[in-house]
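In what follows, chain A forms one complex with chain B and a second complex with chain C.
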Partner chain A sequence: MNYQILLLQLLPEAVLVFTALVLLGVSVGVESKRSRPVTPRLTIGIATAGIVLAFVALLREPAQAGSGTPLVAMDLLARVGKGLALALGLLAVWLPPARGESRNVGEFHALMLFALAGLLLAAGTNHLLFLFVSLELASLSLYLLVGFPRTAKAAEASMKYFLFGAVSAAFMWFGLSLLYGFSQSAMLPVIGAKLGADPGSLLAMAGLLMFLAGIGFKLAAAPFHYWAPDVYQGGPATSVALVSAASKLVGIVVLVRVLSLGFQAAAGSADWGNMTAGWSLWLAVLAAVSMIFGNLLALAQTSMRRLLAYSAVANTGYLLTAVVANGSKSSGAALFHVVVYGLATLGALAVTAAVERERGDDRITSFAGLIHRSPFQAVCLLVFLASLAGIPPLAGFFGKFAIFSSVLAESTREGNPGLVWLVGLGAVLSAASLYYYLTVIKQAFVFQSGQSDSGRLPASHALCIGVAALALVLLGLCPTMISASIARAVGSLMP
Partner chain B sequence: MTPAWTIPSAFAGALLVLLLPARMAMASRVVALVAAIVGALAAGVSCLARLRDPDAGIWSFNVPWVPEPGIRFHLAADGLALTLLFLTGITAIAGVLFSWNVEKRPRAFFAWFLTIIGGAYGVFLSRDAFLLFVFYEIVILPKYLLIAIWGSTNKEYGAMKLTMYSIGASALILLGIATAYAAAGGTSFDLMHLASANYSDGLQAWAFPVLFLGFAVLAGVWPLHTWAPTGHVAAPTAASMLLAGVVMKLGAYGALVVAMPLFEQGFEQWKPVIAGLAVTGILYGALTALTQKDLKFVIGYSSVSHMGFILLGLAVANHWGLRGAVMQMISHGIIAGLLFGIAGRVVYERTHTRDLMALKDFDLWKTLPGAALGFTLATAASMGLPGFSGFVAEISVIIGLWQKWPWLTALVALGIIVTGAFSLRALHRAFFPERSPSDAPPAKLPPLTWPEISAIVLLLAVSIAIGLYPKPWIALIDEALRSPLFQSFLTQP
Partner chain C sequence: MNPLALLLTLSSVMFALGLLAVLTRRNAILILVGIELMLNAANINFIAFWRYGPPDLEMAGPIFVLFSIAIAAAEAAVGLAIILMVFRLRRTTDLNQLDSLHG
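On to the complex of A and B.
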């Protein structure tokens, strides 16, 4: 193995890890020299520089395929997925920790970079063992990030996240070992070839089922979503932003990659009247349950963060609907939508964090009169929630429409009803979701607030909100900005 | 001026209003009025140009938008679109004039108002199903905010109910359009492309009702009409005018240019059901209006009844029926705007009641003679008396109905009689009450302001002009109905 090529192939991740080490060093140095902790402004600056450098490294032409290690896939899907994850990660970094959470910000941002490095590695590998290790690198960092503030709530959230995560990792691990036993290889293409020769293998199906349960946990698909409301509510907004946006994006990339390269022969079918066992059917059930659970439970929430958690579950349902169709257009639509969803949720979390700064809690009633206190935050919140609800001209509308129309186009042929049942369910529930988003919009725009003593938001916080909102508007007016490269990336994997 | 001015005028106006400093309330009104006038002028001038030179090609604008799923930014202005653009423009001007006294956050009010106008222009001009749906959805949030912030009676309930009905209906439309797109090959959303594709009978049998119902909910089809009266009553005056005058027409227009041309065989199967629902709506709306105590509820239910004529014309689907349906879209848009304007703005803002019994004490024909005169004429127009636009529209629908289902005309005639009854009852109780000399003298009310007078005169003038000289409108509509889009389902008697 040529280590120089390996380094070049993994340059973005290497830059992230190096920056994280610099952050740790700087925070220790500053603290011992000036005997007070390093400021968030400095660490956010360093982390931003690291992520931008990683992005630049990513833009370089990839090294020759085959000359490096087989662990690293340098295909277009990996590069596009990594780029989008970096962008979403950057926005999360810009969201500064709240006042009580700003001890050891150097460590905090270093952990964020470690998590991001893990996510990037996971997005670009065809090797199941390496995939597992990368996902665990990301997950361990995320468990720590959620529990970082050392409050009881955060500790509870972190513990729940960790316990559920550990169990799901065990499932995934067991599933991977079964898959290895089946094919004597951890490489996806080899597994795919073996499975093509023996499509009904019980061993492989059991392994895949367990693997999907593990991914279902990462994506917060019902019924593996129980950690989500507590993590969203208890963790620092910054950590939750990373969990909800970048981590979910990578989950979808991994799912698309694993299923299309390794398990085409085990797809089965979820078409109406023609259901056969396979991951399509399993994921269709997960999708339906997630959409129903997420949307119905979100209706009853009084806390904004819990509402966003259940909306995350519901959106996982839409994303899985797209994956079920097993086509390049629908998978592209899933990737587009997960980016758009990530931007909107991240932005909504950032506005929630701003409201918490002022009001001390995230109850939906605390948003009352936001339009008078801060027109900027209120208008951006409108953009985020309207995009989540799928109102044009925002990108969320295009994302949902692309999912539903491409799934129908790929699953219905010659009078076959295909996935109309799943799309119909999704369309109706997605319409119902406007209700709970509107309850927040109503508070922000219709009601009056009691007092108004808005302290200024830190610049990076406002930047995070503004950039996310602007991106949603621009992507809604001109989705091709990212959808074209996503389509090429997915097309390179799927015919 | 071409139709190209309409959409940008509304959206640019909305943006400009928002950019004004907060204290310049007057400037925001003026900007909104100018934006509305520009849009209406563009529509009017385009109508005239089209009439003068009917053989010239229609104005269109067609550029790719998102190439991957095959979405084009395709606008075109045939006679059908032009007449409805004109209606939207007139309603926009009248709406701004009737909202002249909005003091609460006027900038946001006019910005949302103009956004709805822009969305409506966009729907009427779109020739791409996706684009049409985008414009159709743009109006949902502004509708909610206009009612929830500036509304009255039970506003949060009314706003939420209306919004949930709209978005639920949109889910059906999305499903219908996506199904058509998938079945037509998954390459283009262009309406002509989708309409010329062959869909299997089984698909049409379920996809047509899904798509049609999605549009029909917004058109107030019975029994899914209940959002309309509560929404209209809760809305501020300008929003009531827009909802009844323009937004309900978006639903009817979508049914006509999307649902019916795409799935013509499904339409053929479901025609009798639609006609049945439409006639039920005509009768039910009229009978319910007869028992209302609130003047705005009377108008709200009368809208349900009048929208029934549009759906009936669509279901009849012969030349008279469709022509009548489109004429009724324009006519009801103008008349409902006028009725809501007088009831919600002129009367309510002065008396602070819309209760028919309470209005008695104000003796309005003496204290507000201008409003009484305007409402009387509007009532006459609403009842479909000759000389007003409503007559032309409803008689066309009835002629079409006679050719198709003669026995149904009896029921519709019954509806017209009840319409006369509830209209006269409301007019009588609200404006010409019987008072004994011993009653306390009515309180003095402020006279009509110039924005109110000009809005009333404008709407009345348009209604009477159409009623006395409908020929140019009929010419525009007939010319549009010859488009290949409609030939698959347009039956000749």
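On to the complex of A and C.
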């Protein structure tokens, strides 16, 4: 093996890990020398520099095919997925820790970079063991990030996240052991070839089912979503932003890669009247349950963070709908929508964090009169929630529209009803979701509130909100900015 | 019964027992024990498939298990740290009493 090529293959991740170590060193050094802790401003600056450098490293042309280690895939999907994950991760880093939560902020940002490195590695590999190890690197960092403030709420959220996550990791690992027994290999193309010769093997199907249960947890698909509301409510906004945006994006990239490279032969069908066992049927059930549960439970929420958590479950339903169709157009639509969703939910969380700074809690009624207190936050909140609800001309509309139209086009050939049932369900529930997004907007724009001290937001907090809102508007006006490269990336993987 | 089937039965029973512990126990530490049992059941699978399956020149099975042991150790470290933090703050690790988060 040529170690120079290996280093080039892993340069973005290496940069992230190196920056994390620098952060740890700086925070220890500053603390011992000046006997006062580092400021969030410094650590956010260092982490930003690391992520930007990693992005530059990613832009290098990949090494020649066939050189270096086969563990790291250098295909277009890997590079696009890594780039988008870095962008969403950068926005999450800009969201500063809340007042009183900025203890050991250097360690906090170092953990964020470790989690990001794990997510990047997971997005670019065809090897199941490598995938599992990278996902664990990301997950273990995220458990700690959620519990970082060491308050009773954060600790409880972190413990629930950890216990659910560890069980799902055990499921995934057991599934992988069955897949290894089936194919004597952990490389996805090898598994795909073996499965093509022996479709419907019980061993492989059981392995795949358990693997999907593990991924379903990562994506917060119902019925594996029980951790999500508690984590969203109890964890620091910064960690939740990373969980909801970058981690979900990588989950979809992994799902598309694993299913298209390894399990085409076990797709089955979820078409109406023609259902056959296989991952497309299983995922269709998950998608339907997620959309129903997520949207209906979101209606009843009084806490903004819990509302966003259930909206995350509902959006996982839309994303899985796209994956079920098993075509390159719909998978591309899923990737586009997960980016747009990530931007919108990250921005909404950032505004929620800003409201919490002022009002001390995240109840929806605390948003009352936001337009008078801070027009900037209120307008951005409008952009985020309108995008989540799918109102044109914002990017969220194009994301949902691309999913529903491509799924219909790909599944309804020659007059068979295909996935119309799933798309119809999604469209109806998506219309219902307007209600709960609009209640928040109504609070912010229509109701009055008493005066309160509106201390200025830290610059990076405002930057995070502003950039996310701007990106949503621009992607709505010109979706091809990223959808073209996503389409090419997915097209290189599936015909 | 051939050895592979015997070992797979053993690992399935172990996995099921681990899952049972996870679902029925309310103490976080005992749930962690159940999770360890589930992970080790998968490790038995890897070794059994490697030993009794078709020849695998890459030694993938045993190598996977080595990685798995390292990951399980890291997971236990993180998990116990989190459980310890919860105990310090709340004086309990009983999941039924940890219900401060709700809508």
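The rule we apply is simple: the second predicted complex is superposed on the first by the 494 of 495 C-alpha atoms of A that agree within 3 Å, B and C clash if a C-alpha of one lies under 4 Å from a C-alpha of the other, contacts with A are read in each partner's own complex, and residues count from 1 in each chain.
We take it that a residue touches a chain if its C-beta (ideal position, glycine included) is under 8 Å from a C-beta of that chain, and two chains touch if they have at least 3 such contacts.
Small disclaimer: the values here were computed from a predicted structure and weren't measured.
In the superposed pair of complexes, A:F224 makes contact with neither chain B nor chain C. Contacts of A:A155 after superposition on the shared chain: chain C is touched, whereas chain B is not. When the two complexes are overlaid on their common chain A, residue A:R306 makes contact with chain C while staying clear of chain B.
Once the two complexes are overlaid on the shared chain, A:F211 sits clear of chain B and of chain C alike. In the superposition on chain A, contact is made by A:S177 with chain C only, not with chain B. Those residues of chain A that touch chain C in the shared complex are 129, 132-133, 136, 140, 143-144, 147, 150-153, 155-160, 162-163, 166-167, 169-171, 173-174, 176-178, 180-181, 184-186, 229-230, 233-234, 300-303, 306.
Contact residues on chain C toward chain A in their complex (touch as defined above): 11, 15, 18-19, 22, 28, 31-32, 35, 38-39, 41-43, 45-46, 48-49, 53-54, 56, 58, 60-61, 63-64, 67-68, 71, 74-75, 78-79, 81-83, 85-86, 89-90, 95, 98, 100-101, 103. Looking at the complex, you find that chain B touches chain A at residues 66-69, 130, 133-135, 137-138, 140-141, 144-145, 148-149, 156, 160, 163-164, 167-168, 170-172, 174-175, 177-179, 181-183, 186, 200, 202-203. Within the complex formed with chain B, the chain A residues making contact are 329, 332, 382, 386, 389, 391-393, 397-398, 401-402, 404-406, 408-410, 412, 415, 420, 423-424, 427-428, 430-432, 434-435, 438, 441-442, 445-446, 478-480, 483-484, 487.
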